[in-house]
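Here the chain labels run A, B, C, D, E and F in written order, and each chain numbers its own residues starting at 1.
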Amino acid sequence: MYHHIKKLMYTVNVGTPDPRFGNMLLEQFGGANGELAAAMQYSIQGLNCDDPDRKDMLMDIGTEELSHLEIVGTLARMHLKPMKKSRDAAEADPLVAIAGGGGVTLCNSMGDAWTADYLKITGELDVDLRSNIAAEARAKIVYERLINFCDDRGSKDALQFLMTREITHMKAFTAALESLGKDRFSIGRIPPTPGLVDEYFNDSTGVGDEGETDARGPWNQGGSWKIVDPPELEKGVGGRDRARGRASVQELNAETRKQKPKKMA
Amino acid sequence: MYHHIKKLMYTVNVGTPDPRFGNMLLEQFGGANGELAAAMQYSIQGLNCDDPDRKDMLMDIGTEELSHLEIVGTLARMHLKPMKKSRDAAEADPLVAIAGGGGVTLCNSMGDAWTADYLKITGELDVDLRSNIAAEARAKIVYERLINFCDDRGSKDALQFLMTREITHMKAFTAALESLGKDRFSIGRIPPTPGLVDEYFNDSTGVGDEGETDARGPWNQGGSWKIVDPPELEKGVGGRDRARGRASVQELNAETRKQKPKKMA
Amino acid sequence: MYHHIKKLMYTVNVGTPDPRFGNMLLEQFGGANGELAAAMQYSIQGLNCDDPDRKDMLMDIGTEELSHLEIVGTLARMHLKPMKKSRDAAEADPLVAIAGGGGVTLCNSMGDAWTADYLKITGELDVDLRSNIAAEARAKIVYERLINFCDDRGSKDALQFLMTREITHMKAFTAALESLGKDRFSIGRIPPTPGLVDEYFNDSTGVGDEGETDARGPWNQGGSWKIVDPPELEKGVGGRDRARGRASVQELNAETRKQKPKKMA
Amino acid sequence: MYHHIKKLMYTVNVGTPDPRFGNMLLEQFGGANGELAAAMQYSIQGLNCDDPDRKDMLMDIGTEELSHLEIVGTLARMHLKPMKKSRDAAEADPLVAIAGGGGVTLCNSMGDAWTADYLKITGELDVDLRSNIAAEARAKIVYERLINFCDDRGSKDALQFLMTREITHMKAFTAALESLGKDRFSIGRIPPTPGLVDEYFNDSTGVGDEGETDARGPWNQGGSWKIVDPPELEKGVGGRDRARGRASVQELNAETRKQKPKKMA
Amino acid sequence: MYHHIKKLMYTVNVGTPDPRFGNMLLEQFGGANGELAAAMQYSIQGLNCDDPDRKDMLMDIGTEELSHLEIVGTLARMHLKPMKKSRDAAEADPLVAIAGGGGVTLCNSMGDAWTADYLKITGELDVDLRSNIAAEARAKIVYERLINFCDDRGSKDALQFLMTREITHMKAFTAALESLGKDRFSIGRIPPTPGLVDEYFNDSTGVGDEGETDARGPWNQGGSWKIVDPPELEKGVGGRDRARGRASVQELNAETRKQKPKKMA
Amino acid sequence: MYHHIKKLMYTVNVGTPDPRFGNMLLEQFGGANGELAAAMQYSIQGLNCDDPDRKDMLMDIGTEELSHLEIVGTLARMHLKPMKKSRDAAEADPLVAIAGGGGVTLCNSMGDAWTADYLKITGELDVDLRSNIAAEARAKIVYERLINFCDDRGSKDALQFLMTREITHMKAFTAALESLGKDRFSIGRIPPTPGLVDEYFNDSTGVGDEGETDARGPWNQGGSWKIVDPPELEKGVGGRDRARGRASVQELNAETRKQKPKKMA
């Protein structure tokens, strides 16, 4: 059950309203990486979660994001209010001005209605936690950009509070993921095909307009990595055959089939 | 520039077409975690990327995902083809049957048109890599579920190939992220507010319907964690004040303002 | 600020899960007239509201709808859970099964992602209250239909609770609207053009396939109503002119311009 | 069947085109509360309606809204036309300029494509009429805002005509609703749970940043209202139990089950 | 101005309602190639059109499509009506059943809300006519598929009427396009780059899984066609240079710049 | 299988970045008629295509459009890059600035996420080719408008290249359609109703505000055309009957039923 406390989690103050900045702020209200997206993603993951401990964490953080939504909305509302009377201000966001009378709506800075297509919810806890870590990283950088485009001290302070909390959450989600004690590349129960899983396909070749060439790094060399041409490119462009010095994908899969997948929970 | 080679990256075979399974497969063709989403997310991140080495990786993998899109599409097409003539098959996906004549379209299993709202692209390389790691984890679990609902050997083999490659990519993105040598919780340039960043807010309280209670774990205890009531709850529900035994958020922010943020690149 | 209490506002019990009914339930989770739509519509109206008393009401009810969202989600989750393992159950909602692993997502019964396009928020209090009255009426009828399609006693009880609360809210919004003391057809500050406002245009004419004819009722006769042909139809189809026995729209508007609109607040 | 008469229902004149105002006008062409939304909502409700008299009204008004759509479109087209040749004008709405060549499209002022998600159609006549009353109230306030941001006499006159008609329709829908002779809080056939239906839950508590406190008004006191803490809050935050001086929700529902719901038509 | 005549343009009769077929029919009501899409595309093109003769045609046909929308909606309504009372029927389209009470809404067969993203309106008459020819071809094939999946004589007759009219419109749009007297590959005013315009790039190479090879046909040989490797492929995959036996794209463009583009109207 | 070559198909150069022009360019990156729409439409049609020769063409051109997507994206990226640091530049597209850090995303010039609703794919080759001809005509005119609003020589050159290629493709699709040897108004297998197919309904009548009247042209006179009032208008507005001097639609359909439709392939 939810309970609302009238005081904001962080009291906001605005000096001079800046409607165009208010419009930008909507990114964190009704935008893809904004507070509603965070609140809904974590809370619904929590609702689906069978692990009571991490469910508690998902609800703690999901609920905090709802409180953030209220802060950002209040801040944006203060910056957008002049739209009600000023045609010039209204041009900063005609949708907010004409349809909303200067009030906030669940849209981003370009007037796109918030959509649940922004959410990443899979019903698989460790996968969801990875999505959350990434979500917090995105939210952090968006707040930083807003701070960089803002001149108002009170607004910057509120954004600094919100930005900080994203890092807090990122740390919590990371700790929760690690506490599951799973191998970091083990997702679900069916193992990937050995051999094939270590092949890095060189799908982009040649020299770029700025002189870029094929690069090597820990993402394709060292450890068990084997850098290879992708199956058809290896045979020569146009399908002119060349010898493949490794087991075919079909052979690898046949091999895998012999292994027993873990039982589905 | 792109070049198309007529052979699929993985040749698909289907025994008996299963239109309802073909409909499910569309999740990985035009769905939120499907191959077009992967191809576009990585390729456009690559296009925005100023680091030539990791750009190469993004283009390698983005291009491979395009080849996967073609594989999944071909597979789905084979399963959906009976829709053209059979009313019963057509009921598995009326949109594919009536509007598509049994051919695939860029929709998911519930007929929702693919949308770029699925993508996570921020123009910040380390953030994007985190989004990609999560994306690969999601794609892996979706392929696993498809395999579990599939009876056709050839289809399962193709799905095993595709599922394996997601783990390959997950490993590559992880290595690329780590090779950046950044602190794992350091995003962008403006530091979070010290102190506040270590406070875990206990926003969800009480005992649940199944007896769930507040949980402790590495996500809120140990290290620098400090578990606290969120600001307003601490004061007592209803705003009846209680002493706060820690610096106010405003004081913490004031402290932070004295620190110099790193220069924006 | 929001606070989450682990117990549901209404404890749900489900006998035998019914995945196809769980799918239907999603209408009230992520559907157009569902609980998230209600929660967001009222809470954001509250955020925009300058009248502290009615703002309190909007926050009270908006928060209750969040608690309802949690109830519906928990109920749907119970009905959908078999999707994880059963191919037959999975066919009830392939999106929930394949992408969600049997967990709920913010979609309706046809897999459409929730969108803020469902919301009606204008920043004009009396207008918003009218939108809310209508929203509650819609939610009530949707719950009734779900009850009619449901065989499970525990689910029916929970739906009865939720359905009842919609009527409670409908009564509260109606009372709040009436307490504003405004004329029921006076919206905003610019008055409508007198005369023109009382003309009912007979735009649909003739006899229908079932014998339907033009109807008269309190919506076009009695009081100040004057039923007329719409401007161009009056002149005869094809524009062959006939005398208009009433002031032209232009004359009426000119008349209106002389009136002083109320000052904008 | 529809018939088109070449003359507009209201002849529009524009002095100096104002592309940024033309962009704003699109709110009433392809926006959420615009004329297509009205036309479609009422006409499709009419198509579903089994009551021939009110069906006639729905078709009359739905058809008039189509005529309004044509007026608004013509007006917007006149203001947007300079976009074809002027880069400066084009910046007012790049979508209209680049994709539309200065012609109108079914988008709102922020370029969002019109969507049927804006519509409220339930197949329950009295519910639909409530949605229509609210829709007309919204359309009226949007026209008023457009008038306030407009400098052109001819445009203002056309908008005054359109704004007036919304009030006409609002009156008609209200009369039609009342003529059904139903209790104003009786929706559908299943009665709400007595007792519970009169409880106003105080979900938002405390003192706000501007000193707001819990408010009392006809929406929660007087008549049969009983203001109560919501179930779990009543027990004390954190689930510490307190006595509940009223029947439990379960008891109330059990009571209701004994009542016979009206037969479904 | 629009005028509604109560009789349908084509009177529909339905024997036994078939809810799953009713669901399929929605493709032509609220689907991508359906009657609303046609009505809106042509009518709004007409609204933007400066050529009074072809504007008349666009309005004639746009209005007819509105009458078709009404026919399809009435037909679908008849097939969907059993959803109100039968759970089994309701499973054919839970959205129509639960949210719509068995009444039609502006959705397609998979419950996707109609969107103006379906429309093709460019403000360039000859381009719009090409879009309309294609739109009619699509609508025709969709009606044919519906006829093939339909068992009800009355429904088939209505669909035959509607299907026939699409061909009528296709012929009209084609005649209108040809009557403009423009070269069929001349679009707008800026001429394409000579030479380059005749080069067919062979972007897909090799031998496919079914033995497909590069094909020659009137789309790449004969007339002025010159089949070539695309710029970078020509140099050899990987960018290893080979001689290009034709003017570079830059040279061709430089040539074109010397030509005077036609004046913009 | 796809292969990426690091060099662009056309090397782009930008003098002074122009963020507002960069924003306009997004129409061809993530817009309705842009390069992704073209690439996906043709490639997926290719995937569904059973005719190996035209499939090759669809893949050739679909792949070239992917290369175009990369060119447009690179060009837009160059123009949008200043958004990262300049608040003024950021106001040109707050979504790109705040959420994207100045990098491109799959949106159009108004920030709308790309959607597969833009695509026209029917699984019927000749129909698809008509959709492609129209698509190329649209893309051509959009490029022309971009050129007209652009001051930068290098950008204009790249756009000239891209615009030219659209005409190339339009010619190829036209040749491919004609090479099928089908009657140009014969779509699918079920013939339209004779007689009815030649009736042009005069649905829009009267004299317009600019003096427009009913027009005659090759789209409604000559050949087999017969211009008639639509069925219900013929009877007189309001349903007052008049004699119909031609076979009823029902009679025509009955006639058609006697004809044997071609066998479905």
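We adopt the following convention: a residue touches a chain if its C-beta (ideal position, glycine included) is under 8 Å from a C-beta of that chain, and two chains touch if they have at least 3 such contacts.
For clarity, every value in this text was computed on a predicted model and none was experimentally measured.
**Student:** Rotation angle, chain A onto chain E: superpose the C-alpha atoms of these two copies and give the value as a multiple of 5 degrees.
**Tutor:** To map chain A onto chain E, rotate by about 180 degrees.
**Student:** Can we say the copies chain B and chain E touch using the same residue numbers, with more than half in common, or are the two sides different?
**Tutor:** different
**Student:** Between chain B and chain F, what is the separation of their C-alpha centroids in Å?
**Tutor:** The mean C-alpha positions of chain B and chain F differ by 32 Å.
**Student:** Counting only Cα atoms for the centres, state how far chain A is from chain B in Å.
**Tutor:** 7
**Student:** Quick check on chain F: which residues sit in contact with 2+ other chains?
**Tutor:** If we look for residues of chain F contacting two or more partner chains, we find 1-9, 32-33, 56, 59-60, 63, 67, 99, 101, 107, 110-113, 115, 117, 122, 124, 141-142, 203-208, 212-213, 230-233, 237-239, 264.
**Student:** Contact residues on chain D for chain A in the complex?
**Tutor:** Those in contact with chain A are residues 20, 23-24, 27, 31-33, 108-112, 141-142, 145-146, 149, 203-209, 212-213, 230-233, 237.
**Student:** Okay, in this complex, where on chain B does chain F touch?
**Tutor:** 1-9, 30, 36, 40, 43-45, 47-48, 56, 59-60, 62-63, 66-67, 70, 73-74, 77, 84-85, 99-107, 113-117, 119, 121-124, 264
**Student:** Which bits of chain F are touching chain A when the two form their complex?
**Tutor:** 1-8, 11-12, 87, 90-91, 93-95, 97-99, 101, 107, 110-113
**Student:** Chain D touches which residues of chain C in the complex?
**Tutor:** 3, 5-10, 32-33, 52-57, 59-61, 63-64, 67, 115, 117-118, 120, 122, 124, 126-127, 130-131, 133-134, 137-138, 140-142, 144, 147-148, 157, 160-161, 163-168, 170-176, 178-179, 184-185, 187-190, 192-193, 196-204, 208, 210, 212-215, 217-220, 230-233, 235, 237-239, 249-250, 253, 256, 264
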